[in-house]
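Shared between the two complexes below is chain A, which has chain B as its partner in the first and chain C in the second.
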Partner chain A sequence: MPSAASNDRIKHLFLWPAFLVVLLVTLFPLIYALVVSFQAVRLVPPTPARFVGFDNYAEIIQSARFWGSVQVTAVIVFTSVAFQFVLGFALALALHHNVPGATLYRVTFLLPMFLAPVCVALIARMLFHPVLGPVNDLFTALGFEHVPFLTNSTLAISTLIIVEVWQWTPFVILLMLAGLQGLPSEVFEAARVDNISAWRRFRDLTFPMLLPLSIAVIFIRLIEGFKLIDTVFVLTGGGPGTSTETLTLFAYNEGFKKFNIGMTSALSFLFLIVVIVFGTLYLAAAQRLTKRYR
Partner chain B sequence: MKQLLLATALVPIAGFAQAQCSPDYSGVTLTVSTQNGPFIASALKTAAESWSEKTCGEVEIVEFPFSELYPKFLTAMSQQTGDFDVIGFIPAWTPDFAPYLATMPDDMQQGAAWDDIHPVYRDRLMSWQGEIKSATMDGDMHMLNYRADLFEDPANMAAFKEQYGYDLAAPVSWDQYYDIANFFNASDVVDYGTAEAYRRGGQQFWYFFSHAASYTNNPATPGAMFFDPETMDAQINNPGWLRALEEYKAGLEFGPPGSLNNGSGDVRPLYSGGSVAMNIDWADSGVLGATEGSIAGNVRTAVLPGSTEIWNSKTGEWDKFDDPVASPFLAFGGWQVAVPSDSTQQEAAWSYVAELTSPEVSSVAIVTANTGVNPYRLSHYENLDSWSDIFTPEEAQSYLGAQRASLDSPNVALDLRLPGFFSYTEVLEVELSRALAGEIEPQEALDAIAAEWDKLTDEFGRDAQLAAYRSSMGLPPLE
Partner chain C sequence: MTNASSEPHVAFKAISKSFGEQQVIPPLDLEINRGEFIVLVGPSGCGKTTTLRMLAGLETVTSGTIEISGKDITDTRAGARDCAMVFQNYALYPHMSVRDNIGYAMKVHGADQSEIDKRVSEAATLLGLDPYLDRKPKNLSGGQRQRVAIGRALVRKPQVFLFDEPLSNLDAKLRVEMRTEIKLLQKRLGTTAVYVTHDQIEAMTMADRVVVMQAGKIEQVAAPITLYEEPANRFVANFIGSPAMNFFDVAIRDGAVHLGDQKLPLPAETAARVGAREKVIMGLRPEHMNGGDHPAELHVQCQTLEPLGAHTLVLGEVAGTKMVAQVAPRFPAQAGETCTVLADMAHVHFFDPDTELRI
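Up next is the complex of A and B:
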């Protein structure tokens, strides 16, 4: 009969290969990228790697273009996610209460989410086209001037927000609807018996009960939003000027146009740090909010 | 016995088949790579079929998205993987690729087919540091496209003459270009005056270069358009470039709303669809206008406008000329093919290149839809009949005449070819876009580009960059 100590050894023998695979697959690329971020290395023209310490990080932090892209990303992400959540929750509530034609709406509302962002951007580019687009046609028919949706900085950012809201609100609808359908019906029936108004039922029952889900949905959308690149690339290319250049588009340009691998790695890590710091703050705030409703 | 007879009978047939393979590359499979088709790749495929018929060799065409080509080729060649026998690429990458490319065999550098290639391509773009490293398979340059129905209309001609005091015709200076753009923009006969690309990532910088060539490509200071050919200091913030940027930006007023977001792909249909009186573009606009647009029969092409003043970077003053000096800009320069030195089948590979670029095969490619191949041989410009399926005789004469005249121009301006090309153009695009959007002043943008270009030059090695730049401009090495 094998002893407890030998059992322990066998257990480790089985665990280590899996652990090493995970280490290799998950951590190695990150560690490699971290090492490269401290080097001056270019693919084009090929330059041998040279250790430069924190120079890449310092250069990025001193770059106005980096801070501009952080600001652009933050504006697009926070504004669009706020709209996505409010609209998505409202539509989920409507669908949950079986408005007439709910099945049709359910399918229609979800469609944008299934489209590839590049296709959505192409559709949007046609819709908001200054000469051929139907949106501008409408404005012209109503007697207004052409609206420079994609060539005015403020309007271009607003257009990107609209496109993001259009595409990703269905994601919020889907999850919030699932959450609503999972709520215990007895609580709501009791509230109805007690003649509690619809608004109070929402404020005191639905919202608090769905708060953990809402926090998760917003968190997922924010993290996904930070990765925004395809829509911007197709719709505005980061322009006019650099006014719609997001962090990821900035990183793409550094990596695939300048082939500055060291700088791009540093940029990726700064991006990771921004997301981690933001995520930690968000989750801490969400925890406090959840506690208040308990 | 029957089998013996059959075998005996087959011997001459086999010998005949053998004779069909000339030169015989039976059993050879070439890997030829370029961007995703149909453009360029389809021309490579057609040539592969005729080459296979002649030589009994096989060709496998491997296509990648354009953005993948550069790193794929460079990595494969620098690591000596031997992945590719022939690569299709753009001249801007020659400085980076040249160390890994085989030199064209001597027998290909002579004869009628060699002499038939226009000297600008043959002696300047195909050559790198004195050696022929590639073969041009497509000619490219920026030209001015305009509409004959508008320019030759008596009412328009009279109104224009009355307003500006000279005849309405293809502009020979940028001042005339903007006069004409303004005239048509204000008229009811067409929607807008002209169209150019301004979108970042939409090939905008080549359009800017086309303006700048007229003010900075001074015949007295050869090769000094982009950098000082003796110090490698960036020249992009000098008064010539500033004037070019201010004019290029002013052109936004004469295009459709939202022109700031137009790339070269938007500029073409604007012309071919009849929305603008003129545009600046590669040869594509002319073909599109004659074949798929609403202006068929009225496509006219001219050499890019020039200038009577060109900045002299040596004296720091404007040199003045009696007549406008044309400085046609060879934007992009056309696709090229080359044989990597790590290819194990170089003889067969060069044989394929010879087939692809032969007068017979290339003359078909230039008039075949969607090959993306434009004229680059003298014979291409001379044989107007082969264009009859696309153009009317007047259109063909104007289209080919403008291309030939651009190349023959004594002050033709070559595109930037430098190691790290995309690093330089990325900086350029960002600041250019900011200036066009009004975020910063033109001079501020150009100063920022110059500072970044100088920084990149130092980072890549000033001496090495200087040597490469001089070579790209056809200048001898510094003593």
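Up next is the complex of A and C:
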């Protein structure tokens, strides 16, 4: 047996490489970006870095485009996550209770999640094409011709929400199904013997027992949703105008179209703050909800 | 509660159950009287739980009918059968307090809050749960959880209690206490109870009548003492009693049992009843080898002695058959030597070697 002391020294050998890698790839860029966010840095045309204090932040906060993108992001994320959760939970319940054909659905329901978001967006662009797309054909058959799915701002946001829901509902299904299958079956059998209706079993047993999982699933989807960029980039490019520009797309446009690096860094930090604020509020609310059941 | 009518409270009529191709319960008939405590006992996998779950409505019936109070409930859904079930792993609602667990079904069915409170506190007092009413199940011990599960069943005042091995997750001491409690409770309430266990001691101590099952088949239905004294066949004889009964291949000639080269005289009436036979199985319980009304000397090749205090077990061989004898604590025997026990021939059982039925 090696002595406790030598064991102690060996542990550094295992700890430090990982720690250094984390330091290098996360912490260092983060600090660097923070520093840059207080400077005026332009790559095109190149200007020397100049310390400007909170000017970048002030400028962003005063820009209507920023608040517009916050609003667009919030609308897309909250609406689509709500639909994803309700739809995903419902489908997971159906699969769990082995509705006819469940085995077929089990596979097909999960497919969208395995596609790269860019592919999904490209597929969606074809589907929603205002002249050639099958969705247009459907609407034409119903008497609405050439609906401008991607060029009318309200419709464009709705389309983005639909694509998000289509792609990420499977994720909710998968996790909720796992949760359902982990629930103790005797508890529900006891309720059945005690003449508790299916609806009350769901409301009083399934839902509260899966509440912690639901909170986690929604949280993951919210955080992921805030980072939404690829589908928007391909489908609408933020248009018409900037009416579907999300926070990440806004940052991308600032950084890689205008090469305004200082501004982009400041935007990233504001983005981080927005996510942290939303996240904290959400978790606080969730905690109050679960406390009722603990 | 007690209904004077002689019709059975619960009746299984030619009930069978298959999972896919595999038949686990061949057609089975069983009648349970009102207020009776029936215990289904048998080795693991013999179909006790399946039988109970068919009665509860949690498992469909492949063929046959089940009646409660003369009414066919074979296709009635579980909730409408007015049974209450207690599960092996308690099956409590994990996010509800003890109070809510016990009162939940009443609340859902729209009972008055005052009525719920009254019955919950009655049940809690009866089961000694008063101090724990506001705790969650995870903060209770196994015995307390099982009490909550029992409380949840009894506040509903069901027609039939169903228990599926409710005590097997508890430690030995608690199990002994709880089995007395459950039995007393059932007698006090007078509710018909069907209780499943694999533990023959639990079955013997709790039941009014015991149903011994093997591979889905009912081997014998009888009062505990009858099972012990008059087992219907070799399986029941072997299953009931601890240590288990010894079985020897013997012949009966001239009113005596011939076991190897030993000869054990039988009481006259037993010899007359069984008659002369060249090949028969003799069953002799370990506790009937310590003298008695009709003792016969039996020489045993003693292999091990197990002194248990109140008595000693002699593990050995007779004519190549392994056997156990339960004798007095200071019985003069040495491991590795031959000793002589006194077999009580008034208590031997004989079984047909082909059908294994009692003779």
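Throughout what follows, the second predicted complex is superposed on the first by the 269 of 294 C-alpha atoms of A that agree within 3 Å, B and C clash if a C-alpha of one lies under 4 Å from a C-alpha of the other, contacts with A are read in each partner's own complex, and residues count from 1 in each chain.
Here is the rule we use: a residue touches a chain if its C-beta (ideal position, glycine included) is under 8 Å from a C-beta of that chain, and two chains touch if they have at least 3 such contacts.
These figures come from a predicted structure and were not determined experimentally.
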- [ ] Kindly say whether there is room for both chain B and chain C on chain A in the superposition, answering fit or clash.
- [x] fit
- [ ] Check whether A:R200 is in contact with chain B, with chain C, with both or with neither, and answer first, second, both or neither.
- [x] second
- [ ] Return the chain, chain B or chain C, that is in touch with more residues of chain A.
- [x] B
Task: Computed vertex angle (chain A) for partners chain B and chain C, CA, steps of 10° - done: 150
Open item on the list: Please give the least Cα distance, whole angstrom, that chain B and chain C reach in the superposed model.
Closed with: 52
Task: Overlap of chain C and chain B interfaces on chain A (superposed complexes) - done: none
Task: Touching residues (chain side chain A, partner chain C) in the complex - done: 184, 186-187, 189-197, 200, 204-205, 208-209, 293-294
Open item on the list: Under the definition above, what is the set of chain B residues touching chain A in their complex?
Closed with: 67, 70-71, 74-75, 78, 95-96, 199-202, 256-261, 275, 419-420, 422-423, 425-426, 430, 433-440, 459-460
Open item on the list: For a test of understanding, state which residues of chain C touch chain A in their complex under the given definition.
Closed with: 56-58, 77-81, 83-85, 87, 89, 91-95, 104-105, 108-109, 136, 149, 152, 156, 162
Open item on the list: Quick check: in the complex, which residue numbers of chain A touch chain B?
Closed with: 40, 42-47, 65, 129-131, 136, 146, 148-151, 153, 233, 236-243, 253, 256-260
